[in-house]
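Below, subunit A partners subunit B and then partners subunit C, in two separate complexes.
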Partner chain A sequence: MDLNVERNLDSLIKSTTHKWIFVGGKGGVGKTTSSSSIAIQMALNQPSKQFLLISTDPAHNLSDAFGEKFGKDARKVTGMDNLSCMEIDPAAALKDMNDMAISSGSNGNGDDLSDLLQGGALADLTGSIPGIDEALSFMEVMKHIKRQEQGEGERFDCVIFDTAPTGHTLRFLQLPTTLAKLLDKFSEITGKLGPMLNSFMGSGNNVDITGKLNELKANVETIREQFTNPDLTTFVCVCISEFLSLYETERLIQELMSYDMDVNSIVVNQLLFAEFDKEHNCKRCQSRWKMQKKYLDQIDELYEDFHVVKMPLCAGEIRGLENLKKFSQFLLKEYDPISDNPVIYELEDKN
Partner chain B sequence: MANSVVIIALFLVAVTKFIDYTAKYHSNWLMALSLKTNSKDTREYNSKLRKQRQLIEENHSISAQDNYAKWTKNNRQLDKLKIELSELDSKIKLNSKNLHAIFHKLKLITLTLPFFVFKIWKGKEIVYYLPTNDTFPYLISGVWNNGWLHLVLTPLNYILGRQTSMSTKVGVSFGIWIWALTNVISNIESLIKFLLFTEKIEAPKVTSQK
Partner chain C sequence: MSELSEAEKRRILRERRQQKFSNGGASSRLNKITGQADSHLSTDSPIEMKTARSRPNSKDTTPSIPSSSDASSQMKTASSDSTSNDPQLEILKKLANADESNESTPDLFSLLRSMKSGEGDADKSTESMAPADQAMLAYHDYRVNRLKYMTMLFKWVCFLFPYTYLVTRNAKFNVSCLPESLSFLTMPSNFFMVFTSFEIVAISVYYQRLQSIEAENKINTLHSTSKIVQMVSMVPEGIIPIPNLKGKVVTALQYVDVLSTFVADICFVLVVLGLLMYI
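Moving on to the complex of A and B:
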């Protein structure tokens, strides 16, 4: 019996159970390219399903990767019927929330709080709070779950997250646990002071704080259960074959395991495979490839029960849908440096 | 009877003072006792600590870049050991803390409370009579012994030449006696501490300013 783990993401790409796929790693290793590639392959291999690719990185790249503009609302990728992209913008999201709050609560009194909100001042203030991006991404996740449960709006079968560099992502993934603890504390307080708090907020405000908190708590608990279910959620680590990246990947994997999150795939990008490239293998490439190979052997030893996918460094930038399709095929079928070598030189210029 | 009360009180005071003077060694004694009673946990802790040191030394002796896999595996073991050591440390400390609590309860039950009860119970018992009989003036002793009538009869007795000895036996109760004893001991302690164990503070020298 062959106990070797496949060196591709075939099982993930063709998975019918996964609803949340996180793609993360150190900065500059190819997270956006990898997450876009995974999303494209999943969409191509499961045409009957709808997929959503969300960027939670404040420095969004999805628009640049696909060569078209995406915004805070999900929009289909040109050329694909079942793949949409979204870039969460904290400032815009907060302004929307403010506008909604004002329109639902406005009673023309012109009190100070309404004036403050109307000016969008609150959005400016809160938009720069550290961690706000993670909080807003999390709210987006909660919105999707709610829509799925209620059968409202556009429904996506699987959401792929192009995450921010490691630290931000870990904070994002801790949110369910952190929020659950916070909400427990709040529930205790509102249980004792609820009616008093309601009266502080004004007679025109009919918000039931306890009810809202309980609803939020239930949603957060649902998300926590989903994120820790290996059939529903998985994390794909992206790295390059260098010490710092690998060390960060190891730290990321250990941290994810402590959150009970499933992680069993590693994508190693920017590999040179110089010894197999007869035409283009300068001294520098040979030297770098030797260094990369040294770490590749270590990766194979350390992560023997992981899907370790080795992706080549291409001659050009991987931008645009066609280039991404060409590149992403190696997630499904292991890259052969001899037979697949011409592909990395076939990338079209994307202006 | 009085002697036995005094002997018991002296014994209890001596034991209390001994415990007070050796207070700073109690932690060490209790820790040593705790280590003996938790020998299994202590052995495990020491063995894991040794393993941790070995792994740290090994990691320092190899190149992380050249032996990344081994270095990372060692780091994984180190992370695991750190958690285990912390748990064992908490367990040992908790056992030690429990032992300290038991010691304090034992001290309370076998020494402090009995001594307190003993003082209340025997507090009014006379343990000592003042040695002289003329501690107080004749008239006052007479009034104590015979009442106010003594004041009226004293001149008559003097005229009639009757000499009556009005000695009053003045007794000291156990409660007062033990209070006085502990105060004297406390004052002697302060004196010895001040004379022998307090560092001399030199008077500051005032330098002349031009």
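Moving on to the complex of A and C:
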């Protein structure tokens, strides 16, 4: 029985079932580069499908990675027909909510509340809530699911998330479970006080609170089911070959497994492969590569059933579509330090 | 052998990964990572912590509403896990079980007593016992009573009667046939000291023997047979502002038992003294 795990992401990149791919890890390990590379390779290998790359990191750098500005709405990457990018901007989303509240207030008599909101009070208020970034990212996921169900707007076959550092991401992934529990409690309360709540909160607006809650609950449950389905959702861990990164990766994997999420791929970035690079083999590179090799051995031992992809440290920054395309090829075909060495010096430095 | 499909291969690999992280594997992996770098970072596994958290209230994590058969099986499981975590729930369970077995609805006192009986092995009330337990209790009663009466007989026949006789003889006839030490003991002025010392020794020996019988039979005599203790068992904790009321009552009853033995022996001595006055 052949159960050898390939040291590449070929099966993921060519997967036709996955709808949600999360890319995450410790800060500064190359999450954006890895998620962009995965998205590009998927788009190149499955031209008939539409892909969306979403950055849920409050400190966005997707625009910098591609060298073009992306906003809160999905926009196609220049030079690619089936890959779009967007950066979820909590501040902008909250401003929209604020504006909506003002406009709905001005439809009435223009009371004190709309005067207060003119100063962006709602955005200020909600912007300071811990975890609001994750909540907004989650809302975005819900929006996409709804669109797909209703067949509205642009549809995407697969959404790739360039996530925030580990802590944020775990909070984001916990949201469906937390919300499901919370909504269960709400349902209990509204089941008892439903008619009274409806008459209080929906007076004049004909808002069916119970109906809305049930709808939200169903949506959350759908997301929860999809996130825990290994054929639909997977998580790609990104790390570097250092102790803290390895430790955090292991904890991240264990956290994800405790949420019943599938995780089977690890991208190890910034490897020096110094012994194969005779031309640029400095003492510092040698000792650093020695340290990297020590942790690489441990990674190979610990993650023998995972797709461990070893990516090289390039001479320049990996920015712009062309550089990303060149770099991302090593996700499909394992990097060979001897034959592929020239590629890492070919990458154009955008700076 | 046929070639595995991609989905099948993914499933097997997933199971293999989960296997490696289960049964303490998760924390040993973290230990391995931190051990090699001589680090002091935490090696508590999130998987194991979640399992530990969910174990005591695993019912709460089940999102679906259970069917009636599931509910009853869950109830049974819960009752076997923890006997009486929630007194109100226990009463409801008892009522539900009584309804299932077509028995008449039990009264509140018997429910309270049966709830309390779950607190310890020795607490079991006689009504809720199996026939084998009742036979054991009867056998235990027989052994305790036999010990009690044999001790009493021994004390009265072998010591108290002869001693009282000697004391009265010593006072009446002032015989000098007894050795010096014994004549000191049979002096009427020393009677109470000797009697009290003997009572202390005899009662101690009696209680030691009683404890060994209780240990053999695994039955606490006062808990099982005393009506007062059973009545006190019916009082729920917290209603009366005395903590561990049952324990205090059991201690008091033990003192009463000792005192009654002592009083019975004094009574016997008085009767013997009265009789000897006419001899």
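Please note the rule applied: the second predicted complex is superposed on the first by the 326 of 351 C-alpha atoms of A that agree within 3 Å, B and C clash if a C-alpha of one lies under 4 Å from a C-alpha of the other, contacts with A are read in each partner's own complex, and residues count from 1 in each chain.
FYI, a residue touches a chain if its C-beta (ideal position, glycine included) is under 8 Å from a C-beta of that chain, and two chains touch if they have at least 3 such contacts.
Remember, it's a predicted structure, so these values are computed and weren't measured experimentally.
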When subunit B and subunit C are modelled together on subunit A, clash or fit: clash
Winner by number of subunit A residues touched, once subunit B and subunit C are compared: C
Partner chain(s) touched by A:Asp340 [first = subunit B, second = subunit C, both, neither]: neither
Partner chain(s) touched by A:Leu246 [first = subunit B, second = subunit C, both, neither]: both
Which superposed partner A:Asp10 touches (first subunit B, second subunit C, both, neither): neither
Contacts of A:Leu302 with subunit B and subunit C, given as first, second, both or neither: both
Touching partner for A:Gln254 - first (subunit B), second (subunit C), both, neither: both
Subunit B versus subunit C as contact partner of A:Glu322, first or second or both or neither: neither
Which superposed partner A:Asp157 touches (first subunit B, second subunit C, both, neither): neither
On subunit A, the residue positions that both subunit B and subunit C contact, one per complex: 243, 246-247, 250, 254, 294, 298, 302
In the complex with subunit B, residue positions of subunit A that touch it: 243, 246-247, 250, 254, 294-295, 297-298, 301-302
Subunit A contact footprint on subunit B (complex, rising order): 64-66, 68-69, 72-73, 75-76, 79
Subunit C partner contacts - residues on subunit A that touch it in the complex: 1-3, 5, 11, 180-181, 184, 230-231, 243, 246-247, 250-251, 254-255, 257-258, 262, 264, 294, 298, 302, 305-306
Parts of subunit C lying in touch with subunit A, wherever the complex brings them together: 1, 3-4, 6-7, 9-14, 16-18, 20-21, 26, 29-30, 32-34, 36-37, 39, 41, 45-47, 50, 63
